[in-house]
Amino acid sequence: MKARTMKRHLLDSFKSMKRNGWMTLAAVSAVTVTLLLVGIFLTLLLNMNKLATDVEKDVRVNVYIEKVATEDQKKALKKVLEQMDEVDHVELKTRDEELDDLVGSYGSNFSMFQGDDNPLYDKYVVSAKEPTDTAKIAKEAEDLENVTDVSYGKLTVDKLFKTLNTVRNIGLVITIALLLLAMFLISNTIRITILSRSTEIEIMKLVGATNGFIRWPFLLEGAWIGMFGALIPIAILTGVYLPIYSKFNSALTTASFSLLSPSPFLYQIGGVMLAIGMIIGALGSILSMRRFLKN
Amino acid sequence: MKARTMKRHLLDSFKSMKRNGWMTLAAVSAVTVTLLLVGIFLTLLLNMNKLATDVEKDVRVNVYIEKVATEDQKKALKKVLEQMDEVDHVELKTRDEELDDLVGSYGSNFSMFQGDDNPLYDKYVVSAKEPTDTAKIAKEAEDLENVTDVSYGKLTVDKLFKTLNTVRNIGLVITIALLLLAMFLISNTIRITILSRSTEIEIMKLVGATNGFIRWPFLLEGAWIGMFGALIPIAILTGVYLPIYSKFNSALTTASFSLLSPSPFLYQIGGVMLAIGMIIGALGSILSMRRFLKN
Amino acid sequence: MIEMLNVYKKYPNGITAANGLSVRIEQGEFVYVVGPSGAGKSTFIKMIYREERASKGTIKVGDFDLITMRDKQVPYLRRHVGVVFQDYKLLPRLTVYENIAYAMEVVEKNPRMIKKRVLEVLDLVGLKHKVRMFPTELSGGEQQRISIARAIVNMPRVLIADEPTGNLDPDTSWEIMNILDEINRQGTTIVMATHNSQIVNVMKHRVLAVENGRIVRDELGGDYGYEG
Amino acid sequence: MIEMLNVYKKYPNGITAANGLSVRIEQGEFVYVVGPSGAGKSTFIKMIYREERASKGTIKVGDFDLITMRDKQVPYLRRHVGVVFQDYKLLPRLTVYENIAYAMEVVEKNPRMIKKRVLEVLDLVGLKHKVRMFPTELSGGEQQRISIARAIVNMPRVLIADEPTGNLDPDTSWEIMNILDEINRQGTTIVMATHNSQIVNVMKHRVLAVENGRIVRDELGGDYGYEG
């Protein structure tokens, strides 16, 4: 194809969009609404996924220290724990701190045990590098000296992992379903607009246009419709996500949770929406024309 | 309008749907996909709402009994509690049971306190009729005889209520947004199909048809498209919800949680989808025609 | 019956297609409208059933004042005016039968009568065997005849025909002209734009010659007058 | 140039519109196709540029064998055949200029040449002042002339015209006929379906009379022959 023919197709696609006025508007707004939906849900789902991962990472092993252990022994134990391959870091929590926590959540029934009456143990809180290594760490820690007991909520952790995996899988299914749905709705909209232009295509063929020649402007038009349909959702998403992100993250300073950082995330999701809009727009256009071009 | 004219419009709407073949199919499938989305999300949201309410209902007040209280005094206390207006029912939980719970969740550190060493109190677990009455019950219970302490996790409950309310509000917003979106997509699809039929409408006017005469078959056609578009989602939803319901509810026998019972729920949501499809279909049809009928 | 006084029509693109038309057509008259391509014949004709609205002037058709009338009344005007359109304007998704019946359903005639009358006019234009076909399955001349059949099916008081024989062979054209003549004899006013000089010269009626949106000649029993 | 042998055409609805056509048209000939409405003239003509495919028989146009050719080749056939359609077939969303230019863009002519040539043919059909208008803003005869202009813009080796003067007044018709005659003199084969007996009788060329899908007469310099 000659360069000037490509230029012609480009101009033609813009002209056609403009002259189809209402139809273009209706198609663009359908794409807009669909992609807005996709954008919002993708953002929610991906962030849920992120938070789930954060929660997982937050699982720790409690290593209870014998009451008879000396300070040096405690230090040695800490070192050993820290030198384990799977361990990220180790924190001390004294029995007094722990009792405070309990009293806090269980009412004042335990306050009488303050000081030496405290029935609890000091403990090291060990964070694993990989949440799945928790069990292994616990096992190894059990055999260490000065350790009276190890706990990591076997049940709780297993349950949590299971739940999070379910959440993630459901999220994935919803995401895929949503993307398919968006693709369907967008290409369907384009299909309807093309159905209504079958006579036009017919005439083009009758005056000697090849299928390729007819297809290009429609393909481009579909892509532009998808593109314009993606712009508003991208703008809205950016405008809404940024303030939410900064608010949410400043509220969660303490914890190891955070939303996805806007810098790659918004570009990524914007790219996805633009790609969906344009590719599906163009493809939908081409595919809907097949019937009319078959001769 | 004469009855035979109405009959004519009815027949005409069916004929037109049939003869518009691909266009009708495209419109119906757009409605189908949209309503499927709405149906799935409405089901999820409404059930989340139901579960949230169930959780709320599950909030209880712990009334701790003085260790010195006799069996008779305990019984009297129970009676008083049961006779409060806001109270639904009252259950005894002995300190031994409670210790078992604690040992269960806190490792074996408390096992040494078995029997008379047990530092805990017996307690009555009081369920309120209305979750919001929890605070009131707690307050009244505090002044009763033989009561050493009352707790209901003021913070936890308040937080829970707040969280659930947020969940519910977000759910409501999403529901409304989704309904609006569905309405927009459906009426937009209908609009496009009508845009492509402007010449037809033009001709009808030229041979003397009144606006009403032209409108009726289009209105009906829009309604049928909406109706057919609602049928598949309703079928899918019914087919998927029933097994999930029975599975989920048999898994949750113990708790006071349950999904919405299919008997009114599926009818309701089916009705909503059918109504959205048909009303929006018909309305979308009429509204899109306005421009062409203005003369 | 039809009365125009100083009628102007300027299209949105700036073209003036009626440039001070004044004419009076009585009930029962048969009028040819002739003139070169683009002269304004169709515009003149379209203003009679208000497909186009005049920009200026007075137009009256029967009891209807087309300038002051409300949009709501337009369908009732059109029920008194049968129109054969230059481009046929058949409904593409209706069969031949349904296309003609549509014009009768609009006035809520009863179904049995519709059936009888539709077959009658189809027979008249010689296309009874095509009842079940769609417009796209017809030849140009056949579509034109369906348009004619639809225009006369309600026995309107005014029949407007824009180039009704443009796609017909001379034999068929004469058959159609005889039908129109017969209808005219029964009292229907006929206004017909045409390029067919033979018809105008042989079947003598009043001739309005239009050029550049003006009536340049108005003769009873006149000639076509544009012979090459 | 154009060769048909025992060509049959049965439409999906069961109507046989070509019933064993055999004809040979040489390069440079001028052929009228006449016959009553619905005789099969348009069908005959549509088979030459393969808008319709024959159900049976052989059709050859230039080097193209229309029966065995692949769909992919059809556009190249059509570039050698200019067509004036009975229903004009203008692209509604393109202006007059763009409609005609489209036929040249399809063959990737260079833009400057397109501009020059389009204005040239527009001038030829007398509508240079309507370049920027859309088809809906034109009168019937004007649309027909645009269709003619588009058909000749690429100087095709074969020109097919289906009722090219159906909506034109006699003067304009003669102008168009003179243009066609001139094109024919330059070597273009012309096949023209028409109901205009005056033209056929005055501008003498070969006449093919079609009735019921059969060629019933084939005369060099013949008459229209269907006079009422």
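Think of it as A, B, C and D in the order they're written, each chain with its own count starting at 1.
One rule holds in what follows: a residue touches a chain if its C-beta (ideal position, glycine included) is under 8 Å from a C-beta of that chain, and two chains touch if they have at least 3 such contacts.
What you are looking at is a predicted structure, and each value in this text was computed from that prediction instead of being measured.
Novice: Give me the set of chains touching chain B intersected with the set touching chain C.
Specialist: Joint contacts: the list comes back empty.
Novice: Using the contact definition stated above, find the chains touching both chain A and chain C.
Specialist: Where chain A and chain C share a partner, that partner set is B, D.
Novice: Among the chains here, which has the CA centroid at the largest distance from chain B's centroid?
Specialist: Chain centre farthest from chain B's centre: D.
Novice: Roughly how far is chain A from chain B, centre to centre by C-alpha average, rounded to an integer in Å?
Specialist: Result: the chain centres lie 25 Å from each other.
Novice: Report, in whole Å, the distance between the mean C-alpha point of chain A and the mean C-alpha point of chain D.
Specialist: The answer is 62 Å.
Novice: How far is the middle of chain B from the middle of chain D, if each middle is the mean of its Cα atoms, in Å?
Specialist: About 67 Å separates the centre of chain B from that of chain D.
Novice: Per the centroid of Cα atoms for each chain, what is the distance between chain C and chain D, given in Å?
Specialist: Here chain C and chain D have centroids separated by 28 Å.
Novice: So what shape is it, when you link every pair of chains that touch: line, ring, star, complete or other?
Specialist: Shape = ring; chains linked end to end, path closes on itself.
Novice: What chain-chain pairs meet the touch criterion?
Specialist: Those chain pairs satisfying the definition are A-B, A-D, B-C, C-D.
Novice: Could you please specify the touching residues of chain B with respect to chain C in the complex?
Specialist: Chain B residues touching chain C: 1-2, 4-5, 8, 16, 19-20, 200, 202-211, 213, 294-295.
Novice: Along chain B, where are the residues that touch chain A in the complex?
Specialist: Listed in rising order, the residues are 22-23, 26-27, 29-30, 33-34, 36-37, 62, 64, 107-110, 112-113, 119-121, 149, 151, 181, 184-185, 188-189, 191-193, 195-196.
Novice: Residues of chain C touching chain D in their complex?
Specialist: Its residues touching chain D are 11, 13, 15, 34-38, 41-42, 86-87, 133, 137-142, 144-145, 162-163, 166-174, 195, 197-198, 224, 226-228.
Novice: Which stretch or stretches of chain D touch chain A in the complex?
Specialist: It comes out as residues 49, 51, 71-72, 74-76, 78-79, 83, 85, 89-93, 102-103, 105-108, 110-111, 150.
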